[in-house]
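Read from first to last, the chains carry the letters A, B, C, D, E and F; within each, the first residue is number 1.
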Amino acid sequence: MSAVHRWDLLTREEIAELAPSALLVMPIGSTEQHGPHLVTGTDAHLATIFAERAAERAKRPEDIVIAPTLAYGASHHHLPFGGTLSLGTHTLGLLLEDLLGSAASTGFRRLFIVNTHGGNTVTCSAAAAEAARAHGLVAATALTTDLVDPATIDGPRHGHAGVFETSLMLALDPDTVRVDKLRPSPGGAARIRRRGLVVAEPGRWEELDGFTDDPQSASVERGERALAACVEALAAAFEDIAMLGA
Amino acid sequence: MSAVHRWDLLTREEIAELAPSALLVMPIGSTEQHGPHLVTGTDAHLATIFAERAAERAKRPEDIVIAPTLAYGASHHHLPFGGTLSLGTHTLGLLLEDLLGSAASTGFRRLFIVNTHGGNTVTCSAAAAEAARAHGLVAATALTTDLVDPATIDGPRHGHAGVFETSLMLALDPDTVRVDKLRPSPGGAARIRRRGLVVAEPGRWEELDGFTDDPQSASVERGERALAACVEALAAAFEDIAMLGA
Amino acid sequence: MSAVHRWDLLTREEIAELAPSALLVMPIGSTEQHGPHLVTGTDAHLATIFAERAAERAKRPEDIVIAPTLAYGASHHHLPFGGTLSLGTHTLGLLLEDLLGSAASTGFRRLFIVNTHGGNTVTCSAAAAEAARAHGLVAATALTTDLVDPATIDGPRHGHAGVFETSLMLALDPDTVRVDKLRPSPGGAARIRRRGLVVAEPGRWEELDGFTDDPQSASVERGERALAACVEALAAAFEDIAMLGA
Amino acid sequence: MSAVHRWDLLTREEIAELAPSALLVMPIGSTEQHGPHLVTGTDAHLATIFAERAAERAKRPEDIVIAPTLAYGASHHHLPFGGTLSLGTHTLGLLLEDLLGSAASTGFRRLFIVNTHGGNTVTCSAAAAEAARAHGLVAATALTTDLVDPATIDGPRHGHAGVFETSLMLALDPDTVRVDKLRPSPGGAARIRRRGLVVAEPGRWEELDGFTDDPQSASVERGERALAACVEALAAAFEDIAMLGA
Amino acid sequence: MSAVHRWDLLTREEIAELAPSALLVMPIGSTEQHGPHLVTGTDAHLATIFAERAAERAKRPEDIVIAPTLAYGASHHHLPFGGTLSLGTHTLGLLLEDLLGSAASTGFRRLFIVNTHGGNTVTCSAAAAEAARAHGLVAATALTTDLVDPATIDGPRHGHAGVFETSLMLALDPDTVRVDKLRPSPGGAARIRRRGLVVAEPGRWEELDGFTDDPQSASVERGERALAACVEALAAAFEDIAMLGA
Amino acid sequence: MSAVHRWDLLTREEIAELAPSALLVMPIGSTEQHGPHLVTGTDAHLATIFAERAAERAKRPEDIVIAPTLAYGASHHHLPFGGTLSLGTHTLGLLLEDLLGSAASTGFRRLFIVNTHGGNTVTCSAAAAEAARAHGLVAATALTTDLVDPATIDGPRHGHAGVFETSLMLALDPDTVRVDKLRPSPGGAARIRRRGLVVAEPGRWEELDGFTDDPQSASVERGERALAACVEALAAAFEDIAMLGA
């Protein structure tokens, strides 16, 4: 039995008692196409796993409360592939504003949005900044994969449904990987990689058939290394934030 | 192994193939205070259970796809009690509009929002109406408890964290019920009950201490009767909607 | 001369004096197609009549102030038939929020939205709930026909431009009924009627030619019975609300 | 019996037939404080009267359809006086956008917003411009008093609840004027009057006690002159617009 | 070296010190097509020039702070001609609300929006009214050309890219005028000119080829007269507002 | 005379001709407090300078059009210091959506938002992504300082009004630097620096007195190095994007 608290399994009084000193962890993923080989719930599943395991691994798990995972994110760019239930970025922004405001209203002073979907990143950052300004919350967020060095698994890191995520799912839930569908993305590598440059290129996801790099190179072993690296980095980040405002 | 499909465990191609003929079931609950005796995840948990069991019981479970449960609803009236993570009704409306539009975009033609939280009801109804108008979807919704006759458990039906919900949780997850906190709501019965009259009375939830009627009268047996009645009614409603537009 | 007060015929000081102890009644209807036989102003006209007569019939008419009727409601589903001036539900929600906030600002503590158009129902309920929460108002609303038993006129009750409304208009303003256009709706009865189930079915209004059941069965006598039942129930509901928070 | 058509007294088919060649007239006023001497419904009443009489006086009254008067306008600056039911300008903008879009959808090609409340002016102008752009409508609007020369009644013209409006109400509905409350505004004349300069000065309405100039100088005779001038100018403007796009 | 202050060339402390007693001048123009003969930056350029010169000419230039010019305005009606970067009126409204609120937050008590683009007028007026109401600011605005008598240059005044603006640009920046493209607008004079009547006529800008009257009649001399008149009137208006609330 | 085009100095026809093959560069900065030593227009000034110089240095300057600089950005976190004119992030998002849509409407196919203010970053990224999705634009953006290695000036890079920006202003406009106010930020270094972790900490800007690191270490020489590095990296990024979709 874990020492980490789950919001949904506590009563109002139990939560109110924990709030002032605890770190609130809010996992958010997406429900979106992940190529022909991964299931659409991949991001939401990873957000839940990362949040739970990092909380357990952190120094004081008993000072962490995990909120219910938000399984929906900003995935409008994946709608053309089907299999996607997406929130507009404006909707997601309002949703996070409401949830972070609710957390402050219950008495929390520190929170951490654990995000596994690149499309949510800017909205999570904006929500954290606004919550600090409007409610005085110490508010942190990270796209989990941004926390770890790509060299960890000797491969591309930020891919969508590529070797990184496919390895993770092979390690965590091999039954969800459609092994017979594994093949390299037809779209090749990005045309431009330049430090600090953000490029939105229409039709790029279609060129890639909705996933990046080469999921065929995925392996259980790489997945285990990736999982360990993400959980470790996230646990350390939880400890960083738990310390602030203490 | 259930014949019912789960969106998050399917790939985009598998979902696209099911969409035109399947019924999409979207469970929505809340994360909100449920008195001193029930956990805050009660509604979201019930939405998941009701949706899954009704889908399994329906005539053609293999023609049903269940989306990930939305654990957050419109609970602003419960914020003062703490323990509540609430969406504003405007936010919830946009969220449902986005999700229903996504479902239509993937090819679904029939969907059913299974709702267990009274505060979501008007927003779910409005979203269903709009989805029919904007996307040509057959869109249904029900507050689960509205589907069954209150006489089923010989007691008040629409309560919040009252005998009905407490009985259900005793039957489903007895560990989540704080039995030592069970007591009647101090607020007594509603001052007004008139057919068709909707009354919003400030301070009423505070009078009630955030829950209705008498949870002390809850029992496993009543919970099992309530569960059976809800699942049966919901399964029948699924069959009604699956038939439309066929 | 009626003892009931009309907001538009009072000065600011006269209203301010009445506000703390009076019930504010806000009639809302629609301006929308009502089949080939009823005029588009039917709902707004009925809202005005119901509100005025119920106020006069209530125990203390001198404690009731009636606001100007809002002749426009949420009728987007009727736009394809023409003859319809509709507000989106978001617009209607903001409008009610503004008006209810204004009423609170002037000092009213109890109000009642008298609604005669089904399309407004969820928005009126949401506005009442929000006004209670934000302004501490006792806020009630009813779709007038929901207040009475369908058996009253031995026929279907919730229809749009059907036997119920046509009878009412025959009793109130026979000149507005295009008697030569009366015929049964071609769309037949609803495919599904299940306790608590809300269904939005695209194309359904077109099947019905924009009105329900059989207006040919309408009669002055039925209209008088319907009118009396609605006014009586509404007057009783006014008394209920006037009593709250006293 | 007037030749002018009233939208609310027509069926959908009757409206659809008139729409392509008729001018749609939409009266909008306000429900707001008008000093201690005039009733809060003054603007809405005047909008209705002006629209009806001008339509009757225009060359082809049978080519005019009058929509139900919108009794609510943007009056937030009058809320502190009480007696005011106000829409925010954003709400009013959405409302007009919805109504004008509905009119276009029914087949109208020309419309005229008859406005009697200064606070609505910019929103009416913006809505007309947008309706022209978005729906191809010929869309006109005027603040009725802007159509006539102030010299007409030998006095200040643009006042709120001043000599101009008080004279009009004395001529139209003398019972609504609280004669014993008539007195000059304590705020004196505007500090700045410069061609083309728009000034918003906080606290100015409070200084004026909510009305301008000197209502004591009002008279039935002045009201009749004002009424005749407004109706004549508005009728001529209707003819201008009816001619456009013909 | 001018005595007028420029916000962007001051530090926070320097601005805070000036704010309570200074007039804040905010120039706003547009970036939009100005026919084949004028550059798209015409309005923004004129807003800057007018604001600076009027501030210098005013009695106490050292009590004026000029904010950076907003080069973008509400020009959706010019989008079809190309060369236009336009804000929707809703966006412009929010932008002005944010900037005026910021100004109040820094301690300013008087401000003046100098506007050179007709399409911004109603939004500037609404923003000024709202800033007075919400922040207690004395807030003024003028469309610069509205401040001067059309007779000043013996010609039409309110034109877009017509003789008035072309003359101004000939006087200020002759290199920006494409003299070989000068020709009269093919659309002729407005069909309707009536005191107080606002008309939005679809297709009218296309008829005019995007500019009004006859730019061929423009001259340096007329431009100099127009410039002098605008600057003089604006300087006087600045003095009016600087005096209020002092 | 530069070969680079400026939107505001072109006519509509000249812009339309360039649009299909040119890169549109949109500079955006902020008007916000920059400590006691730098002027509030620093970011807007740098955005203009960086965009112009990088465009001139790029391989084909004649294929670049620069839009007017937007001097206002999302700076709500700086409002408490005064001297700040800020847009909310929602407003800024709408503004960018409108401008990028306008650019697409004029025929541009590639654009680049040059941003010098950290608070705008997430909104610029979101706008670029949306423009690609909605209008098929190749849309890029960069926070200029993110393009260069911090080692370039042997110091901290991302500071606000710190050594980096102060050096730049010393190199570009030494008159704008209040040299007598230079001192180290009292807030010290960030408590947490972790790869990929975003932290919003309430009160942090106040601790820092509104600026970071040590502006006293600024020098003209460092500013020249920083300027050269930013311009070179930006020019290269322009070339990258100009190449896409060619």
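Going forward, contacts are C-beta pairs under 8 Å (C-beta built on N, C-alpha and C of every residue); 3 or more make two chains touch, one makes a residue touch a chain.
None of the values given here were measured: they were computed from a predicted structure.
Engineer: Taking contact as defined at the start, I'd like the list of chains shared as neighbours by chain A and chain F.
Structural biologist: none
Engineer: Comparing each of C-D, A-B or B-C with A-F, which pair has over half of its contact pairs in common by residue number?
Structural biologist: Overlap exceeds half of the contact pairs only for B-C.
Engineer: Could you state the distance in Å from the CA-based centre of chain B to that of chain E?
Structural biologist: 55
Engineer: What whole-Å value do you get for the distance between chain B and chain F if each is reduced to the mean of its CA atoms?
Structural biologist: 48
Engineer: How many angstrom lie between the CA centroids of chain D and chain E, rounded to a whole number?
Structural biologist: Distance between chain centres, rounded to whole Å: 29 Å.
Engineer: Return the residues of chain E touching two or more other chains; collapse runs of consecutive numbers into ranges.
Structural biologist: Those would be 90.
Engineer: Once the touching pairs are worked out, the chains link into a ring; list them from chain E, going toward chain F first.
Structural biologist: Ring order, starting at chain E and heading to chain F first: E, F, A, B, C, D.
Engineer: Which chain A residues qualify as touching chain B in the complex?
Structural biologist: 6-16, 19, 31, 33-41, 44-45, 67-72, 79, 81-88, 90-91, 94-95, 97-99, 102-103, 105-107, 176, 178, 181, 210
Engineer: Quick one: which bits of chain A touch chain F in the complex? Just the residue numbers, please.
Structural biologist: Chain A reaches chain F through residues 76-77, 89-90, 93, 121-126, 128-133, 136-143, 145-149, 191-192, 194-203, 233, 236-237, 240-241, 243-245.
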